[in-house]
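In order of appearance the chains are A, B and C, and numbering begins at 1 in each one.
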Amino acid sequence: MNKQRRGDGSLRHLITLEDLTRAELDALLEHAQRYVCASGARPPMNRALDGMTIGNLFTEPSTRTRVSFELAARRLGAEVINLEVQLSSRAKGETMLDTIHTLESLHFDGFVIRDSEPGVVAHVAANVAAHVSVFSAGEAHVSHPTQGLLDALTVRQHKGARFEALCIAIVGDIRHSRVARSAYEAFTALGVGELRLVAPPGLMPEAGLFPAGRRYATPEQGLMGADVVMMLRIQKERMAQAEIPDGDQYFARYGLSAARLRLARPDAIVMHPQPMNRGVEIDSAVADGPQSVIRDQVRNGVAVRMAVLETVLRPRPVRA
Amino acid sequence: MNKQRRGDGSLRHLITLEDLTRAELDALLEHAQRYVCASGARPPMNRALDGMTIGNLFTEPSTRTRVSFELAARRLGAEVINLEVQLSSRAKGETMLDTIHTLESLHFDGFVIRDSEPGVVAHVAANVAAHVSVFSAGEAHVSHPTQGLLDALTVRQHKGARFEALCIAIVGDIRHSRVARSAYEAFTALGVGELRLVAPPGLMPEAGLFPAGRRYATPEQGLMGADVVMMLRIQKERMAQAEIPDGDQYFARYGLSAARLRLARPDAIVMHPQPMNRGVEIDSAVADGPQSVIRDQVRNGVAVRMAVLETVLRPRPVRA
Amino acid sequence: MNKQRRGDGSLRHLITLEDLTRAELDALLEHAQRYVCASGARPPMNRALDGMTIGNLFTEPSTRTRVSFELAARRLGAEVINLEVQLSSRAKGETMLDTIHTLESLHFDGFVIRDSEPGVVAHVAANVAAHVSVFSAGEAHVSHPTQGLLDALTVRQHKGARFEALCIAIVGDIRHSRVARSAYEAFTALGVGELRLVAPPGLMPEAGLFPAGRRYATPEQGLMGADVVMMLRIQKERMAQAEIPDGDQYFARYGLSAARLRLARPDAIVMHPQPMNRGVEIDSAVADGPQSVIRDQVRNGVAVRMAVLETVLRPRPVRA
């Protein structure tokens, strides 16, 4: 059947957002919202995952996402072990499964996996014992579901739950971005009114992908009247693909300056998944300005991961 | 006196199995059996080591053994700290002791040590303060006592406690294997009826070692009628020593295929300490087949380490 | 205002000892003393930091200090996460602050930072949210405040709280030592009667620094009648600066031998921040001899860090 659901339809893993319904997304976001707290306040904690052990398997470095998952699990009472294993021994697929089965025999309840190879997360999920859940923490350029959820939660907090009324512009290297894919899946399932893709030709997704998105070659067109401006990280090696020789030129043509931001609605919010290249895809004045909700995104990351862990590992959640 | 016992004869460290009596082994295995639980069940936990701090010092990489010890300690309520220290500064022995004394002053109750240099574990044990215990997690090619115990526990679970009635064949690179040494010590102390060593000449232990083992040059002879077939990992660089040029040839002559396994008793179990070289020392059909108990070995590893930690650190154990 | 104090004058961070009053130091040392326990005894624990999360950011390796802070925080009930971030991306200061703000949004209450670049710790402290505290675990050659406190606590335990009556000699590479700076600040604030600096010219601090210290070119002069002999680690590359070609020669001229120690008072104590170069700055017979309090320093390190964490994070401390 479905690669991430139990027989009864409930979520057994979280690998992708592509088959989540609006009702499921709404439930996850409301659940997460209960775990959001103000900066400086004591973060909410409970014992929902008491006695459980979560293993972090990150074969790509990621302090932010790894720590966010770790804090989420610990704040629900689970043990967390950082596993330094070479998961995807590319040559021999069996070796990877031996590693997983070994860990599973040590009584892990869940694995949080980040891997640069498409399909590894799903392959593990398809092969673990029935009591083990798998959580994607970023899979190649394919998906990053908890990032998609935290982006949706951030929009919801600032713009309300009526996504139909919103115009969201995703700007930058959409072609190679798992963040963009998962955000697209969340936003479309939530019924976003208008979704725009703003990128130079070399960074625009292939034809057929992101079918609900309207494509714009310049921010001048794409940002006009947007409620949400979601910037993506641009990597140096991609600029050549976009036929732009350097960071200054990229900024001149696609970077989010205060002037460009004025094309969007006056109450538009600015998002970025981080880490930022300040002065390349975004100006510091904007990143640190009053319309920026970038720090909210990070804060929401812990709340969303708490909700995901609890929803998947405890089908009847314990209240916070 | 004895390098791993207190004045009253009780175990203060676990460095080797070589002087453990059958009664001690039986007690440890029975203790461990109480901590075994089915896959997917909540693992047993208690607070036997409440307030204690265990330091992991692994100077050789080992996710499986390190995590197994870490989970065992945490499930008994101890804190675990992974210490990234260069333990055996080969040139200056004093530096190693300075490190150990420093850690000891931080109030560690136990050190779990893996080191590639023979004698380092015992050297640390001989020099730590009276309240500190040392646990070997694998010492050069010399010993791996908790692996020997988990192997014995696995045999006991499947074949019962009457070891006298059993024929166990250890197959592969016995010469360089700490796993084989500790298993040999456990099996002989437990009174195993017949112990066979099956290896090419270059991988057979030196004359005089493993005195209770009968030596066989081929699996065709050595597996005949065995109750337990314990395969060892073969390392590429050893094949030349065994005068076997590659993995395929090794498999053809010593690998455990389904056909060779049929030489053993029909209810024989197959063991492997992992990681496996599938297609070199063992065929995947056997590793994943009905006679394989390889995953049980991993699961038993946590239980055995819980029993060892509790026995050594709490001479009167708290019941689970 | 002051870089490490709140508006009410209380300590919000601990970056330096330079502005601590004698009353504050006395209070910290008395607080720490309550957390000291004998080797082998159960270390004191409480829940003073329950619900708090501390992040360790060490961009220079340091097992001893990192583990000491980690144990201190955990023994007060806090969660500790080791963050492997590249803090001081030297080229772009903004990136470092992005990292810090990201971590802060994950609800960290404190960061323990070691960095080889002067000013990084204070820069972070100046930019974190109001609810976050920063603890220096060693800043370039500039300061190492918890080391200074543990040195003061060790002196106090062995020589009593009347620092006016004491003569303390700091010997070795004072010029490049953050340990010496923080010890100097603690000792002078505590009113030490006589403070001596003993070093070859190339390792003596620049003129004007350590103004209260009397300078001695040789241990023969500098150790005479001292109550406390505080040795520093000498690094190979510094010997050339001191115009001393090798370790043997350094030992001959500046190393603490039993004979040289006899120049000090018969009840003088010997300290060293570790790691030691035995046979270079200190003889093993002295390091392990009856006057050595080197292991006490390590033990006191946990107690001092518990006191500092509690004083800063819980302005009204919970009693042990």
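We take it that a residue touches a chain if its C-beta (ideal position, glycine included) is under 8 Å from a C-beta of that chain, and two chains touch if they have at least 3 such contacts.
Small disclaimer: the values here were computed from a predicted structure and weren't measured.
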{"item": "Copies chain B and chain C - rotation angle from C-alpha fit, nearest 5 degrees", "value": "120"}
{"item": "Equivalent interface positions on chain A and chain C, same or different at half", "value": "different"}
{"item": "Centroid spacing, where centroids are CA-atom means, of chain A and chain C in whole angstrom", "value": "42"}
{"item": "Of all residues in chain A, the ones touching two or more other chains", "value": "none"}
{"item": "Residues on chain B engaged by chain A in the complex (per definition of touch)", "value": "37, 39-40, 42-43, 45, 61, 63-64, 67-68, 70-71, 74, 274-276, 278, 284, 295-296, 298-299, 301-302"}
{"item": "Residues on chain C engaged by chain A in the complex (per definition of touch)", "value": "51, 53, 55, 79, 81, 83-85, 92, 94-95, 98-99, 101-107, 129-131"}
